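Two complexes follow with chain A in common, the first pairing it with chain B and the second with chain C.
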Partner chain A sequence: MFNLSELQHDALVEIFNIGVGHAARAMSEIVNEEVTMSVPSISFLNRADAAAMLGNKDTSRVCGVSQHYEGAFSTEAILMFPEDKSLDIVRLMVGESVPLKELTEMEQEAMSEIGNIILNSCVGTLANIFSQELSGSLPQYHVGTSEEILTASGGQANTVVLMLHIDFILEKHQIHGYVAFILDLTALQDLQEQVDRYLAKVMGSA
Partner chain B sequence: MMQSEANRLGMLDSVLGALNLGTVVLDHARRVVVWNAWMQQYSGLPGTEVIGHDFFTLFPELKGKRIDSAVQQALRDNFPSVLSQTLHKAPFALFANAAARAADERLQQAVAVTPIEMSGAARHCLIQITDVSVAVNRERLLRDQALELRSQTFSDGLTGIANRRHFDVAMEKEIRRAKRAGTPLSLLMIDIDSFKAYNDHYGHQQGDDSLIRVASALAQMLQRPLDLIARYGGEEFAVILPEMDAEQSMNMAEAMRATITGLAIPHVTTATGHVTISIGVATHQASDPGDIPFLLGAADKALYMAKRAGRNRVEMAVPA
Partner chain C sequence: MNETTTVLVVDDSRVSRLMARQYILSAKPQWTVEEAATGEEAIAKAGNLCPVLILIDVNMPGIGGVAAAEQLRTSCPKAHISLVTANVQNATRAKAQEMGIGFMEKPITEARIHALIDALALD
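The block that comes next holds the complex of A and B.
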């Protein structure tokens, strides 16, 4: 599979951690409670491996929020949680427990907003650090198998998934989720080029 | 050409006016440039009072809130945002009618903020507000009913402890667990002594009160999370005690008997003069092949023995 140099890898991990830090602050303000988020690791996978990482493809359902971004590089960004975790995260944020096994329509909207905050923060931080502009679509909510969610967002077979592991902590609960950036080869090259440019700038000025 | 352009503008204006959706456009300096009829109707503010004014000066309470950063993200970063009703309730002071305004009951709102590219001008942003009051009320109803249904299906309406159905489900689960883990499982069958005579003498109202007192006194004695007391029948209770052997469960039963005697609820038609209980105890050992009916039968037999032996007693089932 595709690999970044250690330097490129570390730069991206750092940028994403800044991004989810912004998202955590925004969410803390909404719920008036401390929310912390971090990105412990990232990896590049093909779509099948990415789907497998999210759990058994036949039995477990995944809940996803996706947004499409275009500009310096184009990508479909998807925040994903196993379905039961998405219930946890929304109900922790809302502070109300509902005895229903699926997110209600209004809870799905809340999940979309959580996804919107996290994805905009991640992509926004990237864009900002690369001094580039991207435009984004409104978030869309999906439920299905990991395979379905990764393919629903379009793209050809030869795409690469940049997978972020995300730890979300609220009220002593830790919830593990993922953000996937689906990149075609052009987008991947664009992203790598942006990282290199950023590194050159940082190294040059150091 | 000029004429048709004017027509188009006029039509767009009418469309905005007809939209069943709050529509606000802010320019790059966050000044209001569009404020449609829907906004006018529900906010009570005519366009003439808001157009051209700084949005966050008009609505200072929104400053620093999520809508503020959403507008900033649209204008600066070109990213759209959504604000869900669930996480924000009602950020804008919008009211269905004068009565709602007087009661300070705002419309429930879902908000979307999207960047708008302008040819020849800096980026604007569009704020769309949807009234989701109907959906919110529907879900509140659904949630309340689901909560009520769940508590009804598993608890006894009078005493509030588990009902027979809950007992059956728990028993099934616990006996499986005991067999798998090789641990003992004890069952107590409890009956209030001479309860028919109590009802006849004191009336059903007071009979119910006594049932509630006995049930809650017994329930308070169960400290471990998997212990369960259920109302099994009229004045009969069943207690599931996982991982408790015969001796421990006899001790528990004896303590329960003593507690109820200690309540000293008057019952003049009995020998003791108080409400008392009889208890039959049965224990399922890891090595027993027996199943649920067998354990229930054993506890029932022991209870019958306690009754026969003079009531206000605890009896242990004889091992099969």
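The block that comes next holds the complex of A and C.
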């Protein structure tokens, strides 16, 4: 099993915290209300368990937007919302003036765009902190259980991954969603290297 | 005769085009907003439209926004071009700066669009 030192773990949470803070601001600009986000939690587990961990909270269907990033490290980033809230979110985004029929037609695409903005806001911030460049795929939209969405994004169920997982809440409308980042072990080594370089820089020993 | 001020909004996301259009027209109801869903479509349309402002997303199917902006800079030398992107990385900002074009962070908000229009001081 892969080990992160306490310092690396701490730095990773802090860096993702900053990324998530930017994502929360972007989300809040989209929906025009306060968005609160949890401190990222880090777990090492296999994909099936990762899906179960996300799924435990919510057995109903969710809509998910995922993007794959490559560069200094690779990761899959996934944003998930309860499916029955997605139309509410799109309504908050485009305002009251758009008729319901049109809103429904654009729901899937609007959710993809929301995912694109939020995930890029977080990943882009990480890239800036590491002074690196990460390039992202176009967003993919899926509807299903958390497990289906996690497996749709690729990879074998039994491979060990690192999952960083952040809950967020749209306070006024009581909409809960979450963002997850999945890294395989090679990607994790790359990320660890970036974290070490970051630590060396901030601690002045570079 | 036809002296209308035209803005070209290039984004593969319909909802982003819709929002950009809404906010441009709330500031300048007399302007015309044209749309393109890809860089290729923007290049094909821009020649006839002579837009004063081109807002262009980066991550799109096809050639993408940066390559399209390069070509649009040549075909529409008078247009102000701004990338409008969720990609907030310094590397993307630097690319925009190198090319001498603007950079606007997504989400598209009324405040951002209005600030850009004000800064350009267009009628």
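As a working rule, the second predicted complex is superposed on the first by the 137 of 206 C-alpha atoms of A that agree within 3 Å, B and C clash if a C-alpha of one lies under 4 Å from a C-alpha of the other, contacts with A are read in each partner's own complex, and residues count from 1 in each chain.
Everything that follows uses one rule, which is that contacts are C-beta pairs under 8 Å (C-beta built on N, C-alpha and C of every residue); 3 or more make two chains touch, one makes a residue touch a chain.
Please read all numbers here as calculations on a predicted model, not as lab measurements.
In the superposition on chain A, A:T145 makes contact with neither chain B nor chain C. Applying the stated contact rule after C-alpha superposition, one finds that A:L100 touches chain B and leaves chain C untouched. Applying the stated contact rule after C-alpha superposition, one finds that A:I30 touches each of chain B and chain C.
Look at A:T75: by the touch rule set out above, it reaches neither chain B nor chain C. Legend: residue contacts after superposition of the two complexes on their common chain; A:T125 is shown touching chain C, with no touch to chain B. Within the superposed three-chain model, A:T159 lies out of touch with both chain B and chain C [touch as defined at top].
Once the two complexes are overlaid on the shared chain, A:Q194 sits clear of chain B and of chain C alike. In the superposition on chain A, the residues of chain A contacting both chain B and chain C are 26, 29-30, 90, 93-94, 98, 106, 109-110, 112-113, 116-117, 120, 124, 127-128, 133-134, 136, 138. The touching residues of chain A, counted against chain B in their complex, run 26, 29-31, 71, 90, 93-94, 98-100, 104-107, 109-110, 112-114, 116-117, 120, 123-124, 127-128, 133-139. Those residues of chain A lying in contact with chain C across their complex are 22, 26, 29-30, 90, 93-95, 97-98, 106, 109-110, 112-113, 116-117, 119-121, 124-125, 127-128, 131, 133-134, 136, 138. Of all residues in chain C, those touching chain A in their complex are 12-16, 18-19, 22, 59-61, 85-92, 106-107, 109.
Residue ranges on chain B touching chain A, taken from their complex, read 65-66, 69, 73, 77-88, 110, 112, 114-115, 132, 135-136, 139, 142-143, 146-147, 150.
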